[in-house]
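Down below are the structures I want you to see.
What follows is subunit A paired twice: with subunit B in the first complex and subunit C in the second.
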Partner chain A sequence: MIPFLAQVEAPEYNMWNAKPGTPQLWMAIAIAMVVGFAIMVAMLYAPTRMRKPIASAAIFLAGLFWVLVFLFPQPIDTQVKVEQRPPGFVQGISFWLADAIPVVGTFANILTAFILGLGVFSLVRIHLLRVTKKQRDWPFSVVLLVSIVAMAFFGYADWYSRLGPNAQKIEESWPLTAYGKDLLFDGMLQVMEAAMFSLIAFFILSAAYRAFRIRSVEATILLAAAMIAMLSLMGAVVVGWDGWIEQVTNKDPFLTNFTLSSVSGFIRDNLQTPGIRAIDFGIGLGALAMGLRLWLSLERAGAN
Partner chain B sequence: MDGVYYEKGWLGLVYTILVCTFILYNIARAKSNRTLFIRRIPGLNAIDDSIGRATEMGKPVLMVPGIGGLNAISVQALQIFAYVTKTAAKFANPIRLCCLDPAVYTVAQEIIRDVYQAEGVPENYDPDSVRFISDRQFAFAAGVSGIILREKTAAAFLMGEFFAESLILAETLNSIGAIQVASSTEITQTPFFVAACDYVLIGDEFYAASAYLSRQPVLVGSLVGQDWCKLLIAASVLVGMGVNLVDGFKRVPKEEGATELRFQTKDERMITKFLNPEKPEWKPAGTPDATNATGGGE
Partner chain C sequence: MANTGVWDKLQTVDRRILYLLLIVFATVSLFFKVTVPTKPGEPVKDFYRSVMDIPEGKTVILQSDFTQSTRGESSGQMEALLRILMRKNVKFALLSVADPQAPLVALNVIRAINQERKAKGERTYVAWEDFVNLGYFPNAEGTANSMASNLTTAMAGRRENAPGKGPTDVFQSPVLQGIRAVQDVPAYINVTGSKTSNILIERLGKKVPFLAMVTGVMGPETLNYYASGQVKGVVIGLNGVAEIETLMDKGLKAENGHPAVAGFEGQINLGRGTGYYLALHACLTLMILAIVIGNVAMVVTRRKK
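Right after this comes the complex of A and B.
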C-alpha cells in the first residue's frame, strides 16, 4: 500500500504493486479508495444487528490470512523474479501469500495512524477543559498543550527542511527548525525520559527491601537465592570464595560444586530456567487460546 | 510438498492443530456441561475487596492495560477491566483507565461505555475516565504516576504487557498505600510485581482471569483446553527425553568399518534431524540444475 501511495520503485512488481506513474497504479489507488469508502458507508448504515456479523467476517478473513501464512507451505526464496517462479497451484498460492505480507502488514500501520488522532484528540480535550475551567494544577495542562504544539511544529518543520522538496544539506547549514527540534527532542524529552528511567534504580532498592524481609519460609528461600545470584555477579567475591573453596578442599571434584559460580549456575539452569519455560508455555497457550477465540468471534468483550 | 516445511517442521503444524482442537473441543464440552472446575486464584478474589476499599475511601480505581499494542494480551486485560468496571459501576465508584496505545484506548473506551450501559447506569460513564496519556514509555509512566499522586487512587490493576515502567508504577502506588493487583505476560517484569504489589497473577493466571471471573462456558472450556495442552507438552517432554536417551546411546560405525557403543552427538540423533529438517537446495526456474517447483523435495 505504501509503495502505491508513495509512488516509489518496488524491488519486485507483483499483483500488489505497480510501476510509479502508470495508469495501472492510479486505477488501483482509485479502486482501493472506492472500496474503502464503500465499506465505511456500509458499516455506518448497516442495521445494528448486522454489524456484528460484518465485523466477525472481517476479523475471520484477516485472521485467516495470517493462519494461511503460518500453515501454508512457504516459498523457499521469496525474492525470485515473477517470470522465474515455479508454476502450480500450491506454488502460486504460497507466492501470493508471501507477496501480500508487507501489504497486509501495512493495513495495521494505517489504522494506527488514524487512531493516533483520536488519542491526541482525547488528550487535548481533557487538558483544554482543565485550562478553561481553571481546575487544580491547570498550568501543567498549559505546559502539555504548548509542548504538543511545539513538538509537532518543530518535528514536521525539521523533517520538511531535511527531506522535503527544497531539502537543505545539514552539512551546509543548520536551520532554526533543526535547533528547535534538537532542543525539544534531544535536549528535553530524551533527558526527561532518562531521568524517569533512572528512578527505577531507587524503586528496585525499596521494592527489594520489602520483598527480601524474612517473613516466611518462601521469603527466606527467595532471599537466599537472591543473595547467591547477586554475589555471583560480583567479581571480587566470586574470585575470593571460589579460590577459598578450591584451596580448602584441594580441588575435590564433589566439593568444588559449592563454589559460588557453580551454585548460582545450578540455581539458574535447574531452577530458574525450567520455571521460566513452564510459565512461558502457559502464557503462549493462553495467548493462542485468546487469539483463537477472537478469530472465531467466540469472545464477548466487556460482557462478563 | 516434501521439504516445504523446512522452517517449522511438520511437528509445529501438528501441534498447532492439536492445540486448537483441544481448545475448541473443550469449549463445546463446556457449553453442554457447566460443572468444569477452576482452582481458586487469590489475586482475582482480591478484586472485589480492592474496589470495596476504594468505594469506602471515595477514591478512584486505576487500571493500566500495559504498554503493548492492540493484541490478545491487551484485549485480555480489557476483559478483566470490564469486570472491574462492572463492580465499580455498581457502587458508582470512579475509575481511571490509562492507555499508551491509541488503538487500545479506542477499544477500551467502547468496552467501558458498554459496561456502564449494560449495568443500566450510562449517565455515570465519564468519557474522561478512559485516557490516552502518551505513546512514549516513560512519558506514559510519568503521566500515570502523576494521576496516581494527584488523585490518590485507592486500588490499582496493572495488567498486560509491562516493561521498565512496571516498577515505577507499582512503587508509586505503594507510596500512597493503594492496593495493587498486577500481572504481566513479560516474564522479566513479574519479579518486580511480586516484590512491589499486593497480589500478582503469574503466567497463564492472567488468561484464566476472565474465565474465573465470568464463568462463561466459552472461557471456562478454553481454560480446560489449555490444561489439556499443558499435559500434551509435559507428555512430549517426557517422550522426547525417552527417545533422546534410547536413540542417543547406540552402536555407531567407526571410520575403519567396525562399530562402537557410544553416545551419539547432538547432530547425529534422530530427534535432532526430526525437529530441524534440512533446507533443500533450490534454484529459480530456467537456471541450470533447477529442481522441482516446491523446493526440490528431500
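Right after this comes the complex of A and C.
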C-alpha cells in the first residue's frame, strides 16, 4: 500500500494515475466504475443488520486518517526523495501519511463531484416526473429542463472546441458554440444571479428601518455601533470628520482618538473581532463534538 | 389623545416606498462620475504593500471563489488585483473551490482586463505563458490539505492549452516552472464571496503568505485572522475596492516603519470600486436617514401619547 500512495514526484504511470487520453486510463476508469458499481450492489443486497457496521467501519477509517494526520509528527520536508528518507517506524508512518494526503484529497474531490452529479440527477428526475404527470406549474419544469440541456450542450461544446492546438484562434473567430455559451452563461445566468443577490439590499433596508429602534439600552448600544460602522464605510464622511477633528484639535494625541476611523477601528478591534472569535471558538467546539459523534457512529439520526 | 398621524406614518412607511427610494438612490448615483475621497485602512494598506512586494516575474496562486452573486464587490477586487499583477508581470495559477461557475467568471474578468490593456497598447496576458487555469476543485478542505502536503500531486493531471501543442500538463508551463510546493510561491491570494478563505488559512496559513479579498459579509470573520497575523492583508467589500484603487492611484506614504510604496501614475487605476462608491454612499445615507426618521417618529409619538 505504501508504494502506491508514495507520490512525491508528479505521477505518470502507476495504479492511481495514467497519461491522459491513453487506453490505460480508460481501462482504469472502466475497472473503477465496475468495482464501484459492484460495491454499491453488494451494499444494496447486504443484510440490513450488516449495513450499519460496514458504514461505521468506513466512516471510522476515513476519520482515523485525518486524526492521525493531525496528531502524528509531520515530516519537515515532504519533497525529499523516497530513497533519501530517514529510516524508522515513526518516520515511515509520518511520510506515508503525508504522501497519502493528496490521494485522499483527490478521493474527496471525486466524491464531492458525485454529489454535484447526484443533485443534477435528482433535479432532472423530479422535474421530468412533474412534466410527464402534468403537475402544477409543469411549464416551469420544462423551462428548467431545457435550460439544463442547453447550458450543458453549449458549455461542453465550447469547452471541447478549446481543447485543440488552435484554441487561441477561438478568441478571434468566436464560433457559434462560443456565442451560445456567452448568451446563456454571461448573458442570462450571470445577470440573473447578480439580480437575485441584489434583492437582499431591499430586505436589508426594510429590516433595518423596522428593527433598529431605541426601545432599550441594549438596542441603543447596538444602533450606535451600527451607525458608526455604516458611517465608517462612507469614505467622504470619514475624510471629512477625521480632517475636521484633526484641524480643530491641532492633532492632539488624545483628541484624535475621536476620529471616525479611530472609533470604528476601536469597535472593530476590541468588540467585533473578539466577539466573532468567541463565537468561532464555540462553533469549533460544537463541530469537534459533532465530529466525534459522527466518527464513532454515535449519532443515531445519521446512522439509521 | 394627541394627534400623532404624521409621526405614526413615519414609523410605518410602506416597504414599497422604501424599495422605490432605494432604486432611485442606487441608480441615479451611478450616473454621476464623481471620485469620492476615501481613507484606506490598515488591512488594505498591508494588502497593497504585500502585493507590491511580490518580485516581478514570480508566480502566485490566485484562488478565485466568487460568482456574479457578489459581482459588486468581488469583480472590482479581482480587477484591481489583476491590474497590479499584470503591471508587475507577476504570473498566476488560477483555481476555484467554491462554485463550478467561479473559474469561468474569473476568466471573464481576465479577458476584460486584457481588453483594457490591449486598448492601451500594452501586452496582454496569455494562457499558458502568463497564467494557467487549474480549474475547479469541488472539495475545498481536501484540496487545501492536498496543496499543503504536496502541490504537484494535488494538481496532477491538470492541463492547459499550450500554444501549438494542445492540452499539456500545467507543470510544464512557464507559470509553474520550478514550483513544487506551495512554499515556493511568494503569495497565495484568495478572492472570495464565501468562507473559503477561512478553510485555506486554517490549512495553508503557516506555509505561505496569505492575502484575502473578501465581501463585506465575510470581512469581520476574516479580520480575526488578520489580527492574528495569519493573513498579511485584507481587502473588504466595495469600500476596500475603492481604498485599493486609491492606493494604486496615489501610492502609499512611508509610515509606521514601512517604506513608501509607489502607485501606478497615469494608468487606469480607478475602476469599479470608485465607480460604485457614490452609489454605496447614497444607499448608506438612505439607510441612516430611514433609521433616524423611524426613531425620531417613535420618540415623538411616545412623548405625545
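Here is the rule we use: the second predicted complex is superposed on the first by the 219 of 304 C-alpha atoms of A that agree within 3 Å, B and C clash if a C-alpha of one lies under 4 Å from a C-alpha of the other, contacts with A are read in each partner's own complex, and residues count from 1 in each chain.
We adopt the following convention: a contact is a pair of C-beta atoms (placed from the backbone, for glycine too) under 8 Å apart; a residue touches a chain by one contact, two chains touch by 3 or more.
Source: prediction; values computed, not measured.
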item: Touched partner set for A:Q135, first subunit B, second subunit C, both or neither; value: neither
item: Touched partner set for A:R213, first subunit B, second subunit C, both or neither; value: second
item: Which of subunit B and subunit C A:P86 touches, first, second, both or neither; value: first
item: Partner chain in contact with A:E193 - subunit B first, subunit C second, else both or neither; value: both
item: Partner chain(s) touched by A:L298 [first = subunit B, second = subunit C, both, neither]; value: first
item: Contacts of A:V239 with subunit B and subunit C, given as first, second, both or neither; value: second
item: First (subunit B), second (subunit C), both or neither touched by A:D280; value: both
item: First, second, both or neither for A:L116, with subunit B first and subunit C second; value: both
item: Contacts of A:N257 with subunit B and subunit C, given as first, second, both or neither; value: neither
item: Touching both subunit C and subunit B, counted on subunit A across the two superposed complexes; value: 111-112, 115-116, 189, 193, 196-197, 204, 206, 208, 210, 276, 280
item: Subunit A residues within the subunit B interface of the complex; value: 70-71, 73-74, 76-77, 80-81, 83-88, 90-91, 94, 111-112, 115-120, 122-123, 126, 129, 136-137, 189, 192-193, 196-197, 199-200, 203-204, 206-208, 210-211, 276, 278-283, 285-294, 298-304
item: Touch list for subunit B against partner subunit A, complex; value: 1, 4-7, 13, 16, 19-20, 23-24, 27, 69, 72-73, 75-76, 78-79, 82-83, 86, 99, 102-103, 105-107, 110-112, 114-115, 118, 128, 130-139, 141-142, 150, 164-165, 167-168, 170-171, 174, 185, 187, 190, 192, 194-196, 202-204, 206-208, 210, 213-214, 216, 218-219, 222-223, 225-226, 229-230, 233, 279-280, 282, 284-287, 292-295
item: Contact set on subunit A toward subunit C in their complex; value: 7-11, 17, 20, 69, 78-79, 98-99, 101-109, 111-113, 115-116, 162-165, 167-168, 185-186, 189-191, 193-194, 196-198, 201-202, 204-206, 208-210, 212-215, 223, 227, 230-231, 233-239, 242, 261, 265, 268-269, 272-273, 276-277, 280
item: Contact footprint of subunit A on subunit C as seen in their complex; value: 13, 15, 18-19, 22, 26, 36-39, 41-42, 67-72, 100-101, 104-105, 108, 126-127, 137-139, 141-143, 145-146, 148-150, 152-154, 156-157, 159, 161, 163-167, 169, 171, 180-181, 216, 220-221, 223-224, 227, 237, 239, 242-243, 277, 280-281, 283-288, 290-291, 294-295, 298-299
